[in-house]
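Should a chain be cited, it is by its letter among A, B and C, assigned in written order, with residues numbered from 1 in that chain.
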Amino acid sequence: MNKLPAEAAAHPVLGLRSPLTPSQTAARARRFGAFYYADMWIRRMRGYQGTVLMTAVGTPLIYLLGMGTGLAVLIDANSDAGFPGSNGSTVSYLVFLGPALVATAALMVSSEENTWTVMGGFKWHRTYYGPNASPLSSGQIASGHVMGQAFRLLLTTGIYYLFLLLFGAVPQPETGWLMVFTALLAGLAFGMPLLAFSATLKEDRGQLTMVQRFVVMPLFLFSGTFFPLDNLPLGVRWIGWISPLWHSTELGRVLSYGHPEPAAMTALHLAYLLVLSAVGLVLARRNFTRRLAG
Amino acid sequence: MSQITSTKTVPETRSDFVISARNLTKSYGDFTAVNGISFDVPPGESFGLLGPNGAGKSTTMKMIGGVSQRSGGELSIMGLDPNRYGPEVRAHLGVVPQQDNLDEDLRVRDNLLAYGRYFGLPKSYLQPKADELLEFAQLADKAKARVDSLSGGMKRRLTIARSLINDPKILLLDEPTTGLDPQARHILWDRLFRLKEAGVTLILTTHYMDEAEQLCDRLIVVDKGAIMAEGSPAALIREHSTREVVELRFGSDRNTTVASELEGIGERLETLPDRVLIYADDGEAALEAVTGRGLRPITSLVRRSSLEDVFLRLTGRSLVE
Amino acid sequence: MSTQNSTAPTSLVPRDRFLGSLYGRNTRAVIARGLKATWGTNWSIMVSGFVEPVLYLVAMGIGLGALVGTVTGPGGEEIGYANYIAPALLAVSAMNGAVYDSTMNVFSKLNYSRLYEGMLSTPLGPLDVAMGEIFLALLRGAMYATGFTAVMGAMGLITSPWALLMIPAAVVIAFGFASFGMAVTSYMKTFQQLDWVNMVMLPMFLLSATFYPLSVYPGPMQSVIQALPLWHGVEMLRQISVGIFNWGTAGHLLYFVVMIAIGLTLTTRRLRALFLK
């Protein structure tokens, strides 16, 4: 080169050598790549930890105050029977509502992390392409993204559960705490197929808004969350049957207050959530690979 | 961890070339982006792919980078097939993509640390390495800054710093200076030149001839997915162009009509929409011949031949439209 | 063209006029662009926007209604639960739409698509842009309100012809929130800060007597909620829906008139901060 800037000579030449050979880094990446990405995902979350914590703490507080105590006054006064609990007992509206709220919170977080975040990774900030040029594989990036959001989901459902305890909304805490995980499953069972879908979007021409309006909202409202699913006419009751939110909520109710239902039904709820999560994850990994390494 | 052994045995090859491509092809449906190109890059060389937008440069880079599966031909990076040994190949490389994809949720220094984690590198190495790289990229005072507060040139330098976090022997640079102002480009070229001096193999694509001339020991001229010519910048110019070029402008309407009156001057004539080029070993003499014929161009310029002229000669088109 | 200076018949110096430096008197251009963009590219998103309150109405009206039974309406008479929540949902929808349009939408056009940068390099001023955006938000609000009222009619929830007045009243509510929202946006620096807007909206939505009467709360809590704009919107529409008017109705309306006046003043003052950084 003919002309070097005068001060350039003052800069040191790169001296530090990597302690690992390329084949060693590749071997590590093959084994732990998804964890590396998840680790980074969680670090990045610090960038918006205010939002995460505010949503995780504020939402339960407001819903429990509004629906759990306010609306409950109206409902408990009007419906004399209450909601069926274990062994013929009945429970209050607040207890009935609790597991639904925890699962709903997971659904909402998941609907965010598997749509806008994914568009950001592929298009707006292209954050998936950086790691994709490293030894990580595209599938590992997808899996790492899932692990990272599972962390946020657990944070959300865990905090929500503590609020339920605080409001005295869990009659059987010895099994009730498991709803933290059944709610996580609601998030994943809904989120994984959505992740697979978002990974195919080249551009957001409003598809994600449509998902929000025509998938997330109906699932939220028609999944037996605020009232038993049987209160709805058959014409819309099927929404609940296919909704991960309903299956997770029913599981949570069994765990929280012994909501009476046949054991086979409980098994079906769990199986449905697991299958949906697994199929979604496989599709998501495939779509990530197609997009990033086609 | 004391010893890491891969479950699969990665073939150890002692090839003379760090990169070797034979009939490399990539098609998307009916469209062939890269159409059977072959080249070899020895270690320490600075190798360029020069061509216009859409020539297939970026696609080639993605295949070398192990993030795009080739449709045909053979490719080996450090003796490894990227289709099979993606992670191993990428572990050898530093990659500077065409579009910056820095992590805007992380601060400048954290971008380097986070990226190093993808290689499974320990903190004890990454911390001092990040500082060294920030110094190298002249970003030490920006270590704690937000990425979105950086200028275009700074982002580019940070991307280069990031690509060096794993201490790679091969650096892939896709259009490294596109969109930067002249000063930012010169700073960047200086940094790349230093890497070259340190023995790093540079593979870069560009559609700037000055960049190719500054940085490349050897280059291939690519157009429509195929190699048009190969050689050092000087050899390419010698082979495909004359020593000097006279650029004449007669005004948009007259360039074509005047061209016929210029026949016989110099070795060759190119008529472009905005100017006429005369290729001659002695430019001044050619210009005198033009005025001798009573022609009065609005502007005239005698310059040395460049890769732009090589490209024009090979494809009949200008490199930068 | 009249000119101030008789010696220079083609003076380029404009006449002094109110907010001259901020206002290019061409709000129409902003509105025309907005309509074109909406109908040209994302009309389906726009049209589907009124679906959300309808879903709430169907789900809560039917599903929750079965649990609640009847509720005491504005005139003291017992009304169905769907009848009770429908006007409230309309008020919420007017709020949500207006706040979205004046915060999120303005913020992203300002910082991401840089739409306003282009507009403001023409003779258009920030006031043209602000008024244009508010007008578009209100137009949208009016359409949603009309659609929602039609759905109410189809569900048999309209019991008085006065209910049609809910449409303009919803626009008034939207105006109140939109004029304030833009002033709030002028203080925003990052997208994350917009999440705080949602954190203000969510409690307003759930607590402002939307799904149950205020009487379930203890006294001091009631006073807090009665100070919030959404509660006034909900009560106003609820009264209109059954055609029962009293001094309270006028009070609710007055609340919004004052809110609009203060919001517009603030927004105008913050225009430079918002658009001319």
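Operating definition for what follows: a contact is a pair of C-beta atoms (placed from the backbone, for glycine too) under 8 Å apart; a residue touches a chain by one contact, two chains touch by 3 or more.
Going by UniProt, the chains are A, C = Transport permease protein; B = ATP-binding cassette domain-containing protein.
Model, not experiment: these values are computed from the prediction.
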Under the touch definition above, the chains in contact with both chain B and chain C are A
Would you mind checking which chain's C-alpha centre is most distant from the centre of chain B?
C
Sort out for me whether A-B or A-C is joined by the greater number of C-beta contact pairs.
A-B
If I average the Cα coordinates per chain and compare with the overall Cα mean, which chain comes out closest?
A
Counting only Cα atoms for the centres, state how far chain B is from chain C in Å.
53
Report, in whole Å, the distance between the mean C-alpha point of chain A and the mean C-alpha point of chain C.
31
Give, as an integer number of Å, the spacing between the C-alpha centres of chain B and chain A.
43
Two or more other chains touching the same residue: where does that happen in chain A?
48
Sort out for me which residues of chain C touch chain A in the complex.
41-42, 44-45, 48-49, 51-52, 55-56, 58-60, 62-64, 66-69, 71, 192, 195-196, 199, 202-203, 206-207, 211-213, 216-217
Name, in rising order, each residue of chain A that touches chain B in their complex.
1, 3-5, 8, 11-20, 22-30, 32-33, 36-37, 39-40, 43-44, 47-48, 125-138, 292-294
In the complex, chain A touches chain C at residues 48, 50-51, 54-55, 58-59, 62-63, 65-67, 69-71, 73-75, 78-79, 93, 205-206, 209-210, 213-214, 217-218, 221-222, 226-227, 231-233, 236
Considering the complex alone, what residue numbers of chain B touch chain A?
1, 4-7, 10, 65-69, 78, 85-88, 90-93, 95, 97, 99-106, 110, 114-115, 117-122, 124-125, 128-129, 132-133, 135-136, 138, 162-164, 166-168, 186-187, 189-190, 193-195, 197-198, 214
